[in-house]
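Shared between the two complexes below is chain A, which has chain B as its partner in the first and chain C in the second.
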Partner chain A sequence: MQKETVSGRQFVYMIILFLLGSSLIIGASTKIGQDTWIAIFLAMLMSVPIILIYARIIHLFPEKNIFDIFTEVFGKVIGKILTSLIILYAIHLGALVVRNFSEFLQIMTMPETPQLPLMIGVLSVTIFLAKSGIEVLGRWSAIILAVVIFVICFTIASSINKMDIENFYPVLTHNFFNLPKDAFAIFSFPFAESVLFLALAASIKKESSSYKIYFSGMLAGGIILTAAVARNIALLGAAMVEDSYYPSYSAIRIINIGEFLTRIEGFVSSNFILTGVTKITICVLAASYGIKSLFNLKSEKNIILPVSLCVLALCYIVYNNTMQMLSFNEIYAFYAFPFQVLIPIALWIGCEIKKKRL
Partner chain B sequence: MFEFIKKRLKSMQNEKLQEKNTAKDKESKISKSLKENLGDIKSTVGNSSDVIMREFSFGHGVCAALIFIDGMTDKKVINESIIEPLMYGFKCSEIDSPDIEKIKLQMIAVSEVKDVDSMDKVIEGFLAGNTVLLMDGSNKALVINTTEWEKRSVEEPQTESVIRGSREGFTENMRTNTSLLRRKIRNPNLVIDKTVIGKSTNTAVCVVYIKGIANTELVDEVKSRLEKIDTDSILESGYIEQYIEDAPLSIFSTVAYTEKPDVVAAKILEGRVAIIVDGTPFVLTVPMFFVESFQTTEDYYSRFYFMNMLRIVRYISYLITILAPAVYVAITTFHQELIPTKLLFTMMEAREGIPFPAFIETLIMLLAFEILREAGVRMPRTIGQALSIVGALVMGEAAVSAGIVGAPMVIIIAITAVSIFNIPYQADSAAILRFIFLILAATMGLYGITMGLLGTLVHLSSLKSFSFPYLFPVVPFDIKGNKDAVIRAPLWTMRRRPNGMSKKNPKRHGNFIHNPMQRKDK
Partner chain C sequence: MNRKAIILLIAVLSTFLTSGCWNYRGLNEMAIVSGLAIDKGEDARGYKLSFEILDLGGSSKEGGVKTKFVESTGNTIFDAIRNAKKKTESKLYFGNARIIILNDKLARDEDISQLMDVFLRANEVRETTNVVIAKNMSAGKAISSKTLTNAITSFELQKIIAEDNKNTASTMDNQLYKIYNILKAPGESLVLPAISEVQNGKEPVLEIDGLAVFNGERLAGYLTPEESKYYLFAANAIKGGLLTLSVENQNADSLSLEIVKNKTKVKNVYDGERIKLIIQTETDAYLNELAENINVLDEKQINEVCLKEEEKLSYLISSTIKKVQNDYKTDIFGFGNKIYKHNTKLWQQVGSDWDEFFGSAEIEVKSKINILNTDSIKKL
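Now for the complex of A and B:
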């Protein structure tokens, strides 16, 4: 079978959607209120070195994914251990996103529906998308990104009369140490989660530069995220942003144009569904690629269904309730640190040594 | 298990190859004896009453026979241009031996004559409406074109009517169809490549493209897919479509069809390949993109503002026709809060006393509509009026006043039914999608519809038509192609063909940019 390839531009789209993923709705809800947008910029700055490392790894080993590189650099035994760690991370991340998603839908739109059917619904689309392969995922991302950007622009444009620039003032009055802390939280969720793209890197078309892909993806994703966050702050004010679980959703509720265009918060949930499905699919695909190389399988297609079922099972048991989910979000940064930073740095050093020796 | 099946398949393929080889060996030659030849033909065609064998002799005792099929040949041509010159022509006394070359050159007064030396070609020849001349003592035969049969004249197509533009439609006769195309594109590079498919029907199939515009890979791919068809009958281009399409299990068709020569001409000028099948007015074009379903010829013939509006209307109609019943059911069942209060009251009032849930109500009405539509196609034309009365009055008016369905439901079904006719090419997929979305809406509300839409989108982006993505030019994004996708840019801005459709000759216009906006001679 011909190897599936994704053009550099479509890979950028995938990264943007992945970054927006769940963070567009729940992410960036921090303790520093009106300064959140500064925290996002700081987080983007913090993620520059780590993204350089990711891109460097892809650059050193083109047309290979992280799992192949593990075995090549660290040998079979350690390679397999690291591979299984990344697989676990991918499955866990997928489960977290699915859970965020179903919690959101249950709280906001369908309070009486149990979460399981919602999860099954989103995962069935995910399985379909993942089974169609990464090439289809690339094409899908191009369409979805257009829709997502349209929705964000539309909501900003239609709420402009309700915005209050005063909501951004005063700047930087919070506890000084909270800013880097929140920036670190935003760094680990969503920016450094793009470590999972190392698992899909084998499908990038040869001629495209990995640095360019990663940086333009991060920059565009960060700017869109900032726009959404700034919109929420301008509409709601710092206090309400801090209080609500889903600030974007609450913000859009305010929109009211001529008593006709009201209650369009469904728009925002569509955004969440679109980006969420993409993010879950990328997690599932990454885990499937990992299992494929872990057990030397021929194709990842047969693994997708079992992996998705694992995600389903995990997301069902991962939290007991919404409050647990929110409190886990606070320590997530530390949980994810080894996967996002330590392992890639180790891998990068290994890669450089390996390449020098050759 | 799988190994076994694989082996079985391989051995089957080998058998087929051997069959082909032996068939080639058997290809019988024409013998020198006329009697033997006639006996051969008789044993092949049996006692068919329409196969006529006219034996005669001419010149200095040369025995010959004409074989043709009554009803498929022009008798006047046979009488005056073949038999008469041979028997009474001023040169006929010079003929003393069955010299096929001399007769072909000097005696036969018909424009198209071929000489063949195998019995199969002879049989193929007269079955296609030609007249075959066999002579005693010669192991060659002449196939003389005398084709003439009853055919429908060129009429306005029933399925695709237009306000502006050519009203010609293809007919069942392949030569008429190719001539309609030739008349539109008078270009030596227009290639009309004929093959024969179908072991029993021997249907003529033409691959039409413009050399230098269509990609050679595409043409080769089409030809190789046609070659691989191994069936005994091709009765309509739909047969070909189902054998060559990329996704035979998808509800979306990846091969386009049309009845209009100007549509085919426009498509092959963009670099596509057309497939004309003898015996049907429907011509296939490949590759097909999803946006093609929303294009009509008038988009290009009329000015672009109004036509862009209509094109957007077509996109909206598509969404309405697949989503309207589903959204109605989802909103009335699960999300009443989305309806403005006043409207909600009106709707609830109309639904008061309806014995069924919204889902069943919609299902009944949709089913009724599908029944009516099918009946409208199949019924004899004479009872059309009775049907429309039954349809309009009984199904609509009476059902509402009897309190079986609500009035809003009738409106929804009506708009759904009317919208489908705006996009005839997607009508069959839309009818299926509509039911799928309806069921999703009834079970999971708007969430279900969203998931269904996403699933459809995934499926659409996984489709390919002859190695072109089905959603081209939206993804992969192509600015040249997008000048004719959701909107149609003015003709003079569409200077290039859609990207990738034609690698060799991407430009439509010459280097001189003809921009009416910058004309100096105002």
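Now for the complex of A and C:
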């Protein structure tokens, strides 16, 4: 079977959509209201070193994914342990994202529908998309990204008359420690979650530079996210942004041009779902690639359905209610730290030593 | 072949059986609420709500849409909303509610943010719903009274409030999300539009009646429509409206200036004890009515009109601010919020008891009027 490859550019699109995934809808919630956009910039700065490490790992071992590199660098036993850890992280992250969406749909649009059918609905699309392979996902990303960017620009343009620049003041008067704290939360969700792309790295076309892919993806994703957050602040004001579960959705509900262009939130929430589906698919694919290498399987295609069912089962039991989801978001940064930072750093050091010896 | 046919059959059938909304509510099963009013419950416990509901039953040939009224009571506001189902065939739908009317007494006795909580939480209610205070009458009576042109009272009322600032400048509309922000913003107090009933010919109709002033969470009092205009000047929120004056005649006004654009700047001076607020307004206006013997082409005479109006305007703005300072001691103009946003150092000194500082602040108003044109007539 011929190996599937994705061009560098499509990989960038995938990273952008992955970063926007659920953070677009939750709106990078922080406790610092009008300074959230600064926290996003700080988080982008914080993620530069870690992204350098990710890119360096791909650069050192081209056409291999993180699981192959684990075995090559650490040997079979430790490699398999680390592989299973990353698989668990991918499945858990997928479950968290699915849950974000089902909670959103239930609270905002379908309060009477139980969440399970919503989850199954979202997951059946991702199963289909993941089964079609990473090439299709790359092409899908190119189209969806255009839609997503159009919708964000459109909502910004159509809400300019309701924006209030005064909402951004005062700048940086919150407690000194809150800014780095919130920036760290945004660093771990969504920026450093891009660690999962190491699992897909085997499909990158050989000639494209991994540094370029990671950096342009992060930069573009960060800027789009900042634009969306700035739109929310300008429209809603700091207090509403801090206190509502889904500020983006609330902000879009305010748009009203001459009683004609109004109530477009249904149209916009499809935008959230498109980015979410991409993110979940990437998580499912990453886990499937991991299981494939863990058990030395021939193809990952047969694993996708079981992995998705795991995601479904986990996302159904992971929280009891929406409040737990929000409180978990606060400690998520610490939970994800080993997967996002410690394991990649260990791997990177191992890679450098291994390459020196060769 | 046979297997394929069965699969195809299942696929086709499932598109019919599983698609669509299982909890579909058609228009005929919805009671669309156009506005609602909240009063205190009868024995001072709980709430009494009145809903204006669009009556979709009658055909449109018989004179357009009609409305019906439903009243219900409950321990909490949401309880009262659900209790309305006891009287109606279908559940109330709030997606089109444009206005929430609060009773004067309710707003005086209970925290507004607690009253508004259920509406901000609910996904059906828009964040852009307007909130109004019914002055001198029950909210239920207000929503059930007739308006002049539109059969739907809530829609007409909402339109009147939303367009008021551009035309008569006698009130200020505040929507749910803005109310939430203002209540949480340091150094700013809430104002809401007030309505009351007046006689129009023989029938009573609703009319805008200035602003309701809040001190913190509770209603404290009212500003007249005239004072509301000068409030809008001070808060840099005026977008239209008229200024009337006279140059020669002392008793009656004979000139009308229509406000086109206004810009208000506030500066503050702090000497360690008291704060001094310097308010500068610059207004562009058209001269639309001139029943006096003034040569509009003579710059001197036009300047005299400007000077006279500047004097009058600055006096009225400062007396409105002084009235708020003395009677309510609450900063509805957002002067404190401006300091909080742009002068953090000063805010750290005065922020903790801003209402005290505002109440004792010295006020200086400087107004500037530019007359841009005199409509289509050169001379009287």
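Following the convention adopted for this analysis, the second predicted complex is superposed on the first by the 357 of 358 C-alpha atoms of A that agree within 3 Å, B and C clash if a C-alpha of one lies under 4 Å from a C-alpha of the other, contacts with A are read in each partner's own complex, and residues count from 1 in each chain.
By definition in this document, a residue touches a chain if its C-beta (ideal position, glycine included) is under 8 Å from a C-beta of that chain, and two chains touch if they have at least 3 such contacts.
Here the structure is a predicted model, which means the values were calculated and not measured.
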Practice task
Quick one: classify A:P49 as touching chain B (first), chain C (second), both or neither.
Solution key: neither
Practice task
Based on the superposed arrangement, let me know which partner A:M240 touches: chain B (first), chain C (second), both, or neither?
Solution key: second
Practice task
Kindly classify A:N256 by the partners it touches after superposition: chain B alone (first), chain C alone (second), both, or neither?
Solution key: second
Exercise for the section: Count the residues of chain A touched by chain B and by chain C, then name the partner with the higher count. Expected result: B
Problem - Which superposed partner A:V277 touches (first chain B, second chain C, both, neither) - result: first
Practice task
Examine A:T109 and indicate which partner it touches, taking first as chain B and second as chain C; both and neither are also allowed.
Solution key: both
Handout entry: Which superposed partner A:R139 touches (first chain B, second chain C, both, neither)
Key = first
Practice task
For A:T173, decide between first (touching chain B), second (touching chain C), both and neither.
Solution key: second
Exercise for the section: Across the two complexes, find the residues of chain A that touch chain B and also touch chain C. Expected result: 109-110
Handout entry: List of chain A residues in touch with chain C within their complex
Key = 107-113, 166, 169-170, 173, 236-240, 243, 250, 253-254, 256
Practice task
Mind listing the chain C positions that touch chain A in their complex?
Solution key: 22-23, 123, 126-128, 177-178, 180-181, 183-185, 340-342, 344
Problem - In the complex, chain A residues that touch chain B - result: 7, 10, 105, 109-110, 117-118, 121-122, 124-125, 128-129, 132-133, 136, 139-140, 142-144, 263, 266, 270, 273-274, 277
Exercise for the section: Spell out the part of chain B that touches chain A in their complex, as residue ranges. Expected result: 334-335, 337-338, 444-448, 450-451, 454-455, 457-459, 461-462, 469, 471, 474-477
